[in-house]
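Both complexes below contain chain A, partnered by chain B and then by chain C.
On to the complex of A and B.
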């Protein structure tokens, strides 16, 4: 963990610009989210293993949302990587976060992590530590695209059949802020089935990710059945980018997603 | 809005291995009986050509 981040956070806290800083902390052998409110406790600030995804990242935006809903009057700081920043921008777009009340402290990801995540932009617009690494392409999407229709269905039915319906993908998703979730509506999806109605359950979630998924990949990491959810949502993001020239998190906050406004119809 | 959603849905269906032709969007007013009949006939014959969905067979 760099001294630069610590110094920046200490500055923000001591000056009173923020009431607390949402970061990660090493405690009892585990890495977890922690709200730092005192510049003196910052020694415990941690960022996890930088070589691979896993404990490195945490849906801090999700905690931030809860925090801001409980305490809407105060300002908070939050640790952001490229993905978290995309999430933050999108949450602002969807009117879930007041940009005036958030101070993002950015760190850029090392090459190993960027490659493992197939991240298009493994760094925030502004960062206090780390170096800019080139983004990677969506190799996993191309692999499925190369299959014929029959093999694609076989592939996905097999993957989706592993689902234990833990809702982990939804619960960890920083973009899932709805109070009522379609995945739990009996009228839309049979409840009580295991695996959940295949492929409706996962396609429903995929459609909801259209214009929203910022490709952080936390769903993939959280999935106990190793379903390649990220590949599915990456494809959704690719469709939205191709059809509407819109990529959530890469556009300025406030620019509404194509499926939320009338706008231009697709050209074909 | 529906045009947009259907366009996205067709591509998503194709990616997951479901024939995109199984989804069709058509605007027909209540006064356009013949148009409705024609659209449905075309659609059912297309579906018959495609045959039963593998999802149905699997279930």
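On to the complex of A and C.
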């Protein structure tokens, strides 16, 4: 565990700058999310590298939203990797987080994690530990794109057919904060169907996350059917980047996502 | 504000998935699958994901109820157990042990499931034991 992160968090807590720090804690043989409120309990603080780097990441920003809604006057700290910082920026854009009330403590991801994630920017703007690793391209998207149209459709229909409709991809997602979920709208999908409508269920979510998904991969990790959701959402992100020159979390907070703007139609 | 994440085991079925309950001021508000849980490795089914919902459900039975003259009335545990024991004995004596059946549950522990089959076989004298999923 990183001494630098621990020292930084201790300082924030001891100085009263934050009321609590959302991080990960090693306890009872497990590693999970925890709100640290006392500098003396930081011995158990962990960053989420149990056996492999980043193998125990949790949607801390989702918990941050809960805390901030319940206690809007206090400030909280949160552990962020590159993707979490993209999430924070996007949540600020969507008016879900008050930037004045959050202190992010950043860590940069090591090369093997960055490669496994196919992460464009595996580090936050500021970090207290780790080193900058070059981002990589979306190789998994390129692999699927290389298939002809028919094989691509077959590939995705086959993947989606494995879905057990647990809604885990939505429930784990740090960017899913809507009060009314598209996946529960009878107008969009037959909500009572099991297995879910293929491919409507998955494409509804993919389109809904366009301009919002910050490519953290937590949905993919939570999917009991091992559906390569991350590849799907990466593809959607590529389209949004190409058409609108916009990548959620890579732009400064406040820059509106393209699907929230009514403007001129794109040229093609 | 008192906010904590509490590690526990899903009570919905016998798989034993590990999960964290998000607890805010004594109310359980959300569930996260435990990534280090050896059974579920950070995944849950739709029931596990929503397990926080039944804890505070107003529909939940928290006290014994006894039907008296067609209406359910709250009674003490002693009264409920005495009544149950008396009726089980009466039915067994009038119609034989196999007129009774026992349904165990995935929501209770292995040891409690052991006890219910032991009670059925040794105390009542029937092999009519099954799982609540077959109700």
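The rule is short, and it goes like this: the second predicted complex is superposed on the first by the 260 of 268 C-alpha atoms of A that agree within 3 Å, B and C clash if a C-alpha of one lies under 4 Å from a C-alpha of the other, contacts with A are read in each partner's own complex, and residues count from 1 in each chain.
Simple rule for what comes next: contacts are C-beta pairs under 8 Å (C-beta built on N, C-alpha and C of every residue); 3 or more make two chains touch, one makes a residue touch a chain.
For clarity, every value in this text was computed on a predicted model and none was experimentally measured.
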item	value
First, second, both or neither for A:59, with chain B first and chain C second	second
Contacts of A:167 with chain B and chain C, given as first, second, both or neither	second
Touching partner for A:206 - first (chain B), second (chain C), both, neither	first
First (chain B), second (chain C), both or neither touched by A:262	first
First (chain B), second (chain C), both or neither touched by A:40	neither
Contacts of A:240 with chain B and chain C, given as first, second, both or neither	first
Which superposed partner A:145 touches (first chain B, second chain C, both, neither)	first
Which superposed partner A:179 touches (first chain B, second chain C, both, neither)	neither
Chain B/chain C common contact set on chain A	none
Complex contact set, residues of chain A against chain C	20, 27-35, 50, 55-59, 63, 66-67, 70-71, 164-168, 171-172, 221-224
Contact footprint of chain A on chain B as seen in their complex	1, 3-5, 7-9, 11-12, 14-19, 54-55, 58
Parts of chain A lying in touch with chain B, wherever the complex brings them together	144-145, 147, 149-157, 199, 203, 206-207, 210, 232, 235-236, 239-240, 243-244, 258-259, 262-263, 265-266, 268
Interfacial residue positions of chain C with respect to chain A in the complex	1, 3-5, 7, 18, 20, 22, 24-25, 29-37, 42-46, 49
